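Two complexes come next, and they have one chain in common, chain A, joined by chain B in the first and chain C in the second.
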Partner chain A sequence: MISNLINRKLFTLLKVQYSNMLEYRVEIALWAISGIIPFFMLNIWTNNNLNESLNISDTFLSRYFLCAFFVRQFSVVWVVFSFEEDSLMGKVSPYLIQPLNPFFRYFAQHLAEQITRFPFALIIAFFFFIFNPESIWIPNLGILLLSIVSTFLSFLIQFLIQSIVACLCFWTEKASSIERLLFIPTLFLSGLLAPVVSFPAYVKSWIYLTPFPYLIDFPANLLSGNETNISGGLIMQILWIFILFPLFKKIWSEGTKKYTAMGS
Partner chain B sequence: MVQNIIDVKNLSKSFDISSKEPGLKGTIKHFFRRQTKSLKVIKDISFEIKEGEIVGFLGANGAGKTTILKMLCGLIYPSEGSISVSGYLPFRRRENFLKNITLIMGQKQQLIWDLPPIESFYLNASIYDLDKFEAKKRIKKLSEMLEIDDELFIPVRKLSLGQRMKSELLAALIHEPNILFLDEPTLGLDINAQRNLRKFLQKYNKETNATICLTSHYMKDITSLCKRVICVHEGTISYDGKLDLLLKKLSPVKEILIVCRSEEDAIKLENSGFTVKNKIKNEITIKIENNSITSSLKTILNNFDIEDLFINEPPIDEVIGKVLIKKDYDI
Partner chain C sequence: MNLRKYLKVYKKFLHTSLASELEYKTNILVDLITAILSLVGSIFLLSIFFQNSGYIGGWKFEQALIIQGIYTILNGITNTWFNPNLSEIVKHIREGTLDFVLLKPIDSQFFISFKKINPSGFLEIMLGFFLLFFCIRINQINLDLSFLTLSLITISCSICILYSLWFFISTTTIWFVKTWNAIEVLRSFLYIGRFPLSSFSFSLRILFSIFIPIAFITTIPSEVFLGLSQVWKILLELIVASIFVITSRKFWLFALKFYSSASS
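Showing the complex of A and B:
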């Protein structure tokens, strides 16, 4: 049954959503460009020599932020905004009476968007290497595959967190404001603005207990070939998925009882 | 014996509604201390629907028709009472139940806006576990019935409202559901599109013996599709029965305009005991009870020199309008 779901329903959803995303290719190119925060951060770090006091090399930093850019490109999630709009406009109603959880539609939308983003991300990386030739490296195949897995797990964690928040629409209608609260720790603790290794030791010890460093920092370090606890990181990612998934199922089941089908 | 496919007992639904006083003071008060009250929109209703029946739900805006449909299809959770649809509790939304039903809401769309409808059809087909061959066969059959073969490959955003509505129907029926919940399906459509849609629904019902629950403010939808109507008034059922019985009850007399050959004949007719509404020269309008129309007309034609006559049916909208504001029709 699960294989049927993945083989047929998800594959068809993915194909259709990919066709839909291609209708918005300019928009997606702009989104890809808008994700260059890591390059700004790299600039701030290197121009102010912040890395020297922490004994972090320029090459480490530039590879780290390029990989952070890549991980971010393939793990960005906006499901809370889509679900909130669909819920308020009554668009969720027809999906709720189909034999497929509506979140599979959003999931396929995100995957389709990632596929569409891929060539734009490669072009941006190409220009990055032209300006930073010392950063060029070729990760070995094993590491590359593990990084892809880790980036996908990061996407799953973020998708589940946002889906849980999105389900709060059944109670508050404006769940995206709650997502804004989560955006702050995500921004500071995920490694998007600074590698977690640069944080003070006592901060690091508790950050690693949260899901945030496994969203950007861990997969980016893995891909860039920096020293990192690979098995520990992957186990923590899987653990968070095991914690978040039942939570999502519970909140979904309770939330749909509250659904009033407004706007329809 | 035809089985009941929908069984509703003592069903109620309440919603929590928050209210706000106008002005800045009201806004501040609302921010700090939100006042909510429970509003019972469906009050202890019971009814049964048999397999293959087409039932129209009539009621004024806010009467509760759509809420009933939403509970029947499992979209919202009932507060009290029980519902059984095709042997399932709708709200549990079991896969087999969902594969048996569909809900179509006028002006609400499930088609993907920027892609041709055919993409949404194949997507729905895979959601309902239809293989590509079967999906293709059903799309062909339904598109022929709906006469939308040419529109399948044009992006939804470029289709007219009527074409979009037909495509919505196709998307909603691709899994050949046994029970159709239609909420204002002809809303916003022109007269021809409305007629085509009604023809299609009649044909679908005839071919598949599907049960159809329909709400509409267009009386033509109700009169041409439904033999039975359920009138909903402020969350309760004010009438549940045959449409023609309701019409007879609400409009027990017909008006007949009789054109006599001479004014003398008209005067003779005026004084012959019929209820006269008005008389202008040789034209006289009389009121006759529905159950004595044939015998009365026979008498008139045999005893008076008549040039022409017209039987005026009261406008159906006007008749049904009465039911929307009255609480109970005991027939």
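Showing the complex of A and C:
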């Protein structure tokens, strides 16, 4: 009953947000373009033959970075920035009255944006294959489904982390600077710029305990058909969601008590 | 006399924006940690690149660090001046408050480019200088007068190019209204400035030196530091910088003809 209600609400929200997002096609296309850093990194790797001594083949590397690009495209989260603006403008107050957690609204926004983004990401991938025809591969259906699941889990982890940071808006007003701080380890440790396999041993020894490699490296390896510990990775992703979700609920209930309705 | 007026106005700008930014003191601390972490992260990435190869694009690790130093300084300048001001243009145009700027008896480009300042960028600039001094020591660079003047000239040219790029994209707001994402694209391309130009493949090198002159921004000043730069390159950078500054100015004046105020 309750889940049915949430489903219907979420579906309506999704429909509204999707039509909303379709209005901003150009912006979303530009946003998709701004995610092409992995391809520049690939260029540095292959152009300097850095992968040879690591026993990573060129095709593996180009597939890896393409997958990293895809995973990143579908796990970008910006809820902090939306929430900060809404809370500074006092727009959160009407949302709070509604019998639905406002984060569902942002969640639907993100999903709708991903659907809008999908064709642009495909176009970029198409151009990538024109320049790198040797890296074309077709993942089998099971792997494809699993990697979609793990990309979604990665999105969920990032969404939860950012929502927790967004709730800090109730206390500090400018939570986006904390998000920018958290973005740095995400950028360097998630595998967006270099696959985690290539990291030095002193980093590899602890990195798998943090959520970072499960954000991009794990789904990208899965999708590109590499050897990875599939069940282990998925379990870690789910584990992190189980850790973060109660934390979010706690900080949300604490924060709403603190809420002072700015700007209204 | 005119110059004195502008200096006086600038002093007032400094005063007001510093006063408002210092309200968020913890923010400045968080930004400092962000700057340090992002420098550590990029040195970490660089060390991954160098762990199996002594040279990248003909640059040694110690030499590539110079690029990081210069990038950090330029990024600090971007965060101090360009980013806060030029994202304000978008707001001015969307809300129609550019009218008030245009009515003031002062140059509009000067007003919108220097109105705000974000003091946390200073710390990043200092960080960059520390790294540069460290690099000067480990690379045993002689500090003589010609070196100092040449590096000063090239770095100021880089600043001019960087400013023009930012200003150019912000100006397009007059037609497209929402250029927030175009700025993101520029940011992600500028990221390439952390690596020597010669580490990329030929086609990307062409792209980064003709269409988006990122090559000029960090690589040429770093070559000056190492005493590798030929005179023609420095002259070229001077020419490119002046072309950029003049065109961005002309473009602004041209764009203003199309400005139709909003919501009034």
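Here is the rule we go by: the second predicted complex is superposed on the first by the 260 of 264 C-alpha atoms of A that agree within 3 Å, B and C clash if a C-alpha of one lies under 4 Å from a C-alpha of the other, contacts with A are read in each partner's own complex, and residues count from 1 in each chain.
What we mean here is this: a residue touches a chain if its C-beta (ideal position, glycine included) is under 8 Å from a C-beta of that chain, and two chains touch if they have at least 3 such contacts.
Here the structure is a predicted model, which means the values were calculated and not measured.
Once the two complexes are laid over each other on the shared chain, residue contacts for A:Gly35 go to chain C alone; chain B is not touched. Contacts of A:Pro99 after superposition: chain B is touched, whereas chain C is not reached. Of the two partner chains, chain B is the only one that A:Thr12 touches; chain C does not reach it. Touch criterion met: A:Gly90 reaches chain B, while chain C stays clear of it. After superposition on the shared chain, chain A has more residues touched by C, the comparison being chain B against chain C. Residues 24 of chain A lie in contact with chain B in one complex and with chain C in the other. Those residues of chain A that touch chain C in the shared complex are 24, 26-28, 30-31, 33-37, 40, 43-50, 52-54, 172-174, 177-178, 180-181, 184-185, 187-188, 193-194, 198-200, 203. Residues 15, 70, 73-77, 91, 93, 95, 98-99, 101-103, 105, 108-110, 112, 114-115, 119-120, 122-124, 126-129, 172 of chain B touch chain A in their complex. Only residues 4, 8-9, 11-13, 16, 19-20, 23-24, 90-91, 93-100, 256-261, 264 of chain A touch chain B when the two sit together in their complex. Those residues of chain C whose C-beta lies close enough to touch chain A in the complex are 24, 26-27, 30-31, 33-34, 37-38, 41-42, 44-45, 47-49, 51-53, 55-57, 176, 178, 180-182, 184-185, 187-188, 191-192, 195, 199-201, 204.
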